[in-house]
Amino acid sequence: MEQTTESENKFDLTFEGAMARLEEIVRKLESGELPLDESIRQYQESMQLVKFCREQLDKAEFQLEQLSIEHAQADANGSGEVEGA
Amino acid sequence: MNEMPTTVEQQQATVVTVTELNLMIKRRIESDPSFVQCHVSGEISNFKHHTSGHMYFTLKDETSRIRAVMFAGRNRRLRFRPEDGMRVIVIGSVSVFDRDGQYQLYVDDMQPDGIGALYVRFEQLRNQLQSEGLFRADRKRPLPAFPRRIGVVTSPTGAVIRDICTTVERRYPLAKVILAPAQVQGPEAAKTLVRGLRQLWSLEEPVDVIIIGRGGGSLEELWPFNEEAVARAIAQSPVPVVSAVGHETDVTICDYVADVRAATPTAAAELVVPHRRDLALQLSQANMRAQSAVYALVRTYGQALSRIEQRPVLESPLRLVAVQRQSVDYLESRLREALRRPTRLADKRLQMFESRLARIDLHQHVVRSRHRMDGLEGRVRESLRRTVIRMNGQLDKHIGKLEALNPLGVLRRGYGVVYDANGVKILSKVKDLPAGTRIQIRVEDGTVKAEVISDGTDDRVGEQIRLDI
Amino acid sequence: MEQTTESENKFDLTFEGAMARLEEIVRKLESGELPLDESIRQYQESMQLVKFCREQLDKAEFQLEQLSIEHAQADANGSGEVEGA
Amino acid sequence: MEQTTESENKFDLTFEGAMARLEEIVRKLESGELPLDESIRQYQESMQLVKFCREQLDKAEFQLEQLSIEHAQADANGSGEVEGA
Amino acid sequence: MEQTTESENKFDLTFEGAMARLEEIVRKLESGELPLDESIRQYQESMQLVKFCREQLDKAEFQLEQLSIEHAQADANGSGEVEGA
Amino acid sequence: MEQTTESENKFDLTFEGAMARLEEIVRKLESGELPLDESIRQYQESMQLVKFCREQLDKAEFQLEQLSIEHAQADANGSGEVEGA
Amino acid sequence: MEQTTESENKFDLTFEGAMARLEEIVRKLESGELPLDESIRQYQESMQLVKFCREQLDKAEFQLEQLSIEHAQADANGSGEVEGA
């Protein structure tokens, strides 16, 4: 059930939200003010956030790649016409 | 002679030099208007025409005489040669020739007498009309450029009309000459001249310009053109008037009043009408100017149109698009550049977090905590251990002392302690030990049970022994 | 009809008027301020004016008229003489 | 219908008006401030104006030519008289 | 359905509007201020805008070319007449 | 039953709380003011606290171990993809 | 019964109380003022106190040793794991 909650959490989570949360956690961890178990929980969360962000980034890069290719093709066709004209 | 000094003395206050006196006289005379422009009649004598051109003579009558001078600038216009014995009328001013102390007449003009009276009238009329402003330049009207009808007031039989007609016909046959016949000399002449002018004005189809004139003649012959009536009629003329009276040297009042003075009738006609040759030339020029102007206009417009057509934007309209296309290309290239930026930035940031996370050593945290805990544990244990040792020490000390203080320690020296049968109560008094009492005796190495055999007696030995010690 | 109007126009036209009009037209044309079609119309007119003036000059016959004078005896004689000249 | 409107437009249009309009359009086109489609419309109009102006000029030249011929004939007749006078 | 909306969108869109939008998107993307997923959406939109602009330009070029050719032909005929006259 | 109480106790107890308590006990013990039996009781308590802390630390270490492994795996996968892109 | 009393006595008795009593007894015995029987009673009591104290101390030592063993065992296990990590 915990797993599910996390997943839902991630589902709603934006990349930027995750990054912001990550920032907060890193800051807290760096401050060394957290209790041990809290540190571990936060560290754990940070790992999940990193994973989530990395995935999002990969997905985004892939999409951009795709778009770039599509557009390059469309362009090639388009410019071909123009130069031929 | 004797009186001289006194006279001299009396006049001492007002002594002047001769020069000054002559100057005073000169000023006095010249300031008197009756000596200015006065008309004087007399007979010429002692006439001398000096090589300088000046004329020197004496003017005299039966009873008197006056010296006169007429400077070259004045006498050049004389229309007769003055000579001794000639009766003349002169116009001039009196002044003093200060070198000689002589007053004399400075002659401006001179006419032979007889006609001299006429001359005076001429001058008077001229002054009169001039003062009325009839000769003013601003009264002079321009002649029409292309007169259709030219009125001429002159003798129908004279050379004047003939010269005018010939000239007009030759130069500008478009103009019609309308002759108003008039007598040009004699007592009736002035009247007919005025009538001629009026006739021409009152025509149903008015004339555009009038030429009035006659041929040359003596002053008497030209006199009608000096009549006031004629002059005033000319001044009243609704159309411009050209006077052509006598020869060039003859000047009449008419000439002053007329809008234009012509030296001769032919000259008058030439002034009044243009020459057809000039007109033809003018027309050709106008034609050429119009043509070149209109052609130039068309050419200019054509060039302007060509220039516009050659403007790059019209000649190669694709430029219009080219600029925009560049903009699109530019934006696209920027877009491509920006493509990876968001992910790259995000990636960089994420990596930063990761590296910061990597630096966070929770393990170390645990190790430190463990150390701290171990330390605390050790301290707890050490603390307790020390307490136990200390307490043991204290206890041992007590125990040591107690060992020495054992009240039964004397037993080792041979003492014994008598207890009751139960071994509870110490019985140290004889009275407590009646015979038969069961007792326990504790000695060094144990306890024995015994029974008192006999009652004891008071024994002080023990005390003594104790005291001995 | 246009032709007729022009002819009538010319009929009323004096040589003087024609010359003045011509001058005006030339000035206007040279000023370059006229519109193209107006320029041409004016030029056309100028040509007609030139023609008119030339004709006037060419066909003109000199005329002398003598006004009668009741009192003047030499009247008839004078004019007769002149016209004969 | 558009064609008709244009024709009517041209009918009212003077050469000078057309030139002025042309100048204005060229200036606007050169300024590069026109929207793309407006540029094309303006270019279209400019082409029509050029055509119209060219026609007007041709017409004017033709008229001048005609006048010149007419005049030369008239002159030949007329000048003969004048020069003879 | 999305496709249809876009098409309609483009229908109302002018070249200049598209360029302005494009510029805005590029600026936003360059600034790095957009959330990641928004970046991708914007990038996608910008690609479509580029395509739309290119099409508009091609269309414009074609029209201009046509007009230019028409005019050149008309000119050739016209000038022929004039020179022949 | 005692065991249960301790557990409950521990349940509420944080590592940091336990350490603080331990610290306090050490101070008391080191002060030498405690009676022996009290010392022993405190000692006993301290030993339980130590045990609790040790367990906590062991648990934390285990969790960290786990996270480290997970992360290393995720990283290996993730970075592989990214670098391949 | 005496035993019980002692036990009860001892029950209430603290180590420190016992030590204080011992001290007192020693002082009293050293004073030599006590009658023999009293001395013997006191001495006997001191012996019991010594025993009590000894027991108390032994108990403490036992605790120390006991935990020490436990700890050593736990340590052996725990440190093994930790060092292995």
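The first chain written gets the first letter, and so on, giving A, B, C, D, E, F and G; residue counts start at 1 in each chain.
In the analysis below, a residue touches a chain if its C-beta (ideal position, glycine included) is under 8 Å from a C-beta of that chain, and two chains touch if they have at least 3 such contacts.
Remember, it's a predicted structure, so these values are computed and weren't measured experimentally.
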Strictly by the touch rule at the top, which chains does chain A share as contacts with chain B? E, F
Kindly indicate the chain pair that has more C-beta pairs in contact than all others. B-C
Same or different: at the chain C/chain D interface, is the fraction of residue numbers used by both copies above or below half? different
Which chain is most remote from chain C in terms of Cα centres? G
Distance between chain B and chain F based on Cα centroids, please, to the nearest Å. 93
Geometric centre distance via CA averages, chain G-chain E, whole Å: 102
Determine the centre-to-centre distance between chain B and chain D, using the mean Cα coordinates as centres, and give it in whole Å. 40
Go ahead and note the Å separation of the Cα centroids belonging to chain B and chain E. 48
List, in ascending order, every residue of chain E touching at least 2 other chains. 15, 36, 39, 43, 47, 50, 54, 57, 60-61, 64-65, 67-68
What residues in chain B touch two or more of the other chains? 276, 280, 287, 291, 294, 298, 301, 317, 320-321, 324, 332, 339, 342-343, 346-347, 362-363, 366, 369-370, 377, 381, 384, 387-388, 391
Chains that touch, pairwise: A-B, A-E, A-F, B-C, B-D, B-E, B-F, B-G, C-D, D-E, F-G
Going by the contact rule at the top, pick out the chain B residues touching chain D in the complex. 276, 280, 287, 291, 294-295, 298, 301-302, 304-305, 308-309, 311-314, 317, 320-321, 323-324
Where on chain C is chain D touching in the complex? 35-37, 39-40, 43-44, 47, 51, 54-55, 57-58
Where on chain G is chain B touching in the complex? 15, 19, 22-23, 25-26, 29-30, 34, 36-37, 39-40, 43, 46-47, 50, 53-54, 56-57, 60-61, 63-64, 67-68, 71, 82, 85
Please output the residues of chain D touching chain C within their complex, sorted ascending. 14-16, 56-57, 60, 63-64, 67, 70-71, 74, 78-79, 81-82, 85
Per the touch rule above, chain B residues touching chain A in the complex are 332, 336, 339-340, 342-343, 346-347, 349-350, 353-354, 356-357, 359-360, 362, 365-366, 369
